[in-house]
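Let me begin by presenting the structure, written as structure tokens, before commenting on it.
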Amino acid sequence: MTHFTDLLDGYQRFRTADYRRQRERWEQLKDGQSPKVMVIACSDSRVEPAQIFDTLPGEIFVVRNVANLVPPYETTPGLHGVSAALEFAVTKLNVEEIIVMGHGACGGAHAALTEMFHDAAPGDGGFVHSWVSILDEARERVKAKFGSGPEASREMELETVRTSIKNLRAFPFIPEREQSGRLTIHGAYFGIAHGELWVMGEDGEFSSQLKAQAA
Amino acid sequence: MTHFTDLLDGYQRFRTADYRRQRERWEQLKDGQSPKVMVIACSDSRVEPAQIFDTLPGEIFVVRNVANLVPPYETTPGLHGVSAALEFAVTKLNVEEIIVMGHGACGGAHAALTEMFHDAAPGDGGFVHSWVSILDEARERVKAKFGSGPEASREMELETVRTSIKNLRAFPFIPEREQSGRLTIHGAYFGIAHGELWVMGEDGEFSSQLKAQAA
Amino acid sequence: MTHFTDLLDGYQRFRTADYRRQRERWEQLKDGQSPKVMVIACSDSRVEPAQIFDTLPGEIFVVRNVANLVPPYETTPGLHGVSAALEFAVTKLNVEEIIVMGHGACGGAHAALTEMFHDAAPGDGGFVHSWVSILDEARERVKAKFGSGPEASREMELETVRTSIKNLRAFPFIPEREQSGRLTIHGAYFGIAHGELWVMGEDGEFSSQLKAQAA
Amino acid sequence: MTHFTDLLDGYQRFRTADYRRQRERWEQLKDGQSPKVMVIACSDSRVEPAQIFDTLPGEIFVVRNVANLVPPYETTPGLHGVSAALEFAVTKLNVEEIIVMGHGACGGAHAALTEMFHDAAPGDGGFVHSWVSILDEARERVKAKFGSGPEASREMELETVRTSIKNLRAFPFIPEREQSGRLTIHGAYFGIAHGELWVMGEDGEFSSQLKAQAA
């Protein structure tokens, strides 16, 4: 089991190996970041974008929350964390691509589908329940089509990606840049069971990136 | 420059190497996650917790947003993303430690200190401005003590950690678990310029973890 | 500059990270090795087979000497180091493939081509001179065709592979196994200047494995 | 099971990841190698120095043969592979340290101790038998002291290191450099069963480098 002391050991490894081996890269990163890609992923400990995409420091600007959700565009006062990150990445850092990545066995998607925390108080599931209400519309579609079996679970997980992308496009600065070709949005899905990555096409359907040799 | 196609190449590397080399680990992760540590870090592309702490899939549950902020505890209706992640990690996954990690050259801390987006509309800095208002109190303390030079910048970055930890403790389920010894909270700070990790003591002061040999 | 103390630091990283992450693999390796591949490579610090082929512990049985040479088959008494390794790998471990890998900027091939240590005493180049006499025949071919410019250097490096493979086949237990399909021999060449790997075809010519995307 | 095609896949990973990430290092290595350390290790697939010491390309000049043996100093004509590598590393590359690393479960040490290939023909164990005759003296010492149980096996493995170091010092250019402080020789032993590295002291005894935390 990993604890903070293990993380500190891990830091010593990072510092004596990776950091020194990329000294030149870090020299450049001192002066600022200029990632071209933003990734919105789940907080789940199994879906680390830097691991799944084998990236280097400085390459991806990352938001992680329960179920990789982008809330609807709202300008009412309040603490809009995802909106702030999005605004910063797109309009200040000028990222050129945004990837929303869902995943299999997602606890947040499960909570959305089952409404398991329906009556829970804050601190007992209530916060999760409110947060995944972003998926309310998607849930109704999924249940209408698939009921509540395993197919529904997977569909719900894919819907986290589709819903977030739909919400992304409600931020005026997004479609504006998409139309002028300065920004592209991608959907992806990591199937934990087989380590399989799926990429969403323009039709909203997902296709596997797993090559035969690696199966 | 890294784009989505590079990430897909990276996925092929991950799938043919790391994934296969940790087949046993992934076999266990299929059935669910059980991380013992939650990390709250900045979205900045240079401060990837999995890289800095050299962790494995399944080891850390991660929230990432602008300036690694935990908003104040609020039970008013709304989409509280960090609260949902916190509730899920602490009360459902039973993580035993939470690490809040700030970092040097933080754009969010800079925006808080300078109020540079004070009059900006949503989409032009307004979302960032609202989000970093979480740091309003801290900013006043920092400016009173350090004015607005480089010392103030660094202090503001350390304040993101202290403020988030203070806010964490306003969630009733946090101090409850801290007092019974089931949960520990740590503050950390990654200085990009020298790859130096600092850890916060009980007095709120930070001490370097950089060993002589790795300097 | 790397010294033994750095290697000991490196061991601590290996032990706390890679070793633990492959615990299951090491559990199996405790009881014995069963590599399917033998690699004969140069001692040069830049051509580490485990790095270039990204292999794991237990995967390749490795001989390394100056210029990746296999001496001619000889049964006269004496200390035949490569013959011993070959015999052990092929007839005891039953490896199914042998790869001989040459490389660019090879000091041993250079010494063979230029005969620079022609009159050198043992300890002053004499041992190298004797050792690379394995390439005497090849040198004459190379010089006849290419003189002594850069083309000759490269051809000499490729000849280290062809000569070693020819010598391999003089060991009776090699062609015997090749003919019955139990053993395959491959030639390869690592061009340091561009990190390009070349693989030898049945005609003795080498073709690049560098894909466009990685160039 | 790993075959040549897997090695070629591994090369693609190396080329698209490690090679590109160390572009600056490879730029320097193009012009020549200047390792400060030479490692003499066994061909066994489980004891890869670059993995155990977590080194980078260019850092260690490596000889690998059965049982990590250095033959006695001989100036009679012949193909002295280890002598050539040693001469090149010490007198041409000016390495400052030589490490001889033995290991547990060593097939070569086992063959030396048991004389299992005593009557074997070349190609059937005869080459191995001749090669490990370098250890004849050591075997007698070991058998006199430990008989032939597991203690004897381990002692025989340690003796491969001590014998090689003794033989190293018969090469005139070695003690000459040791005495003037330009060269240091180290003995090491990798215990496969627990991933434990042992380092030889001046008294020829080995002490563990395994720290409590990594056990």
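For clarity, chains are labelled A, B, C and D in written order, and residue numbers in each chain start from 1.
What we mean here is this: a contact is a pair of C-beta atoms (placed from the backbone, for glycine too) under 8 Å apart; a residue touches a chain by one contact, two chains touch by 3 or more.
For reference, the UniProt names are A, B, C, D = Carbonic anhydrase.
Since the model is a prediction, treat every value here as computed from it, not as a measurement.
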Interface sides of chain A (Carbonic anhydrase) and chain B (Carbonic anhydrase): same vs different residues, half threshold: same
Rotation in the CA alignment of chain C (Carbonic anhydrase) with chain D (Carbonic anhydrase), degrees, nearest 5: 180
Chain A (Carbonic anhydrase) and chain B (Carbonic anhydrase): spacing of chain centres that average the CA atoms, whole Å: 16
Centre-to-centre distance between chain C (Carbonic anhydrase) and chain B (Carbonic anhydrase) (centres being mean Cα positions), rounded to whole Å: 47
Whole-Å gap between the CA centroids of chain B (Carbonic anhydrase) and chain D (Carbonic anhydrase): 45
Contacts with 2+ other chains: residues of chain D (Carbonic anhydrase): 9-10, 13, 16-17, 54, 56, 213
Partner chain C (Carbonic anhydrase), residues of chain A (Carbonic anhydrase) touching it in the complex: 9-10, 13, 16-17
Residue ranges of chain B (Carbonic anhydrase) touching chain A (Carbonic anhydrase) (in the complex, touch as defined): 1-4, 6-8, 10-16, 18-20, 26, 29-30, 32-33, 35-37, 43-46, 48, 50-66, 69, 71, 75, 77-89, 91-92, 96-97, 99, 105, 107-108, 122-128, 130-134, 171-173, 184, 186, 192-193, 195, 197, 199, 209-211, 213-214
Parts of chain A (Carbonic anhydrase) lying in touch with chain D (Carbonic anhydrase), wherever the complex brings them together: 9, 17, 21-22, 24-25, 54, 56, 213
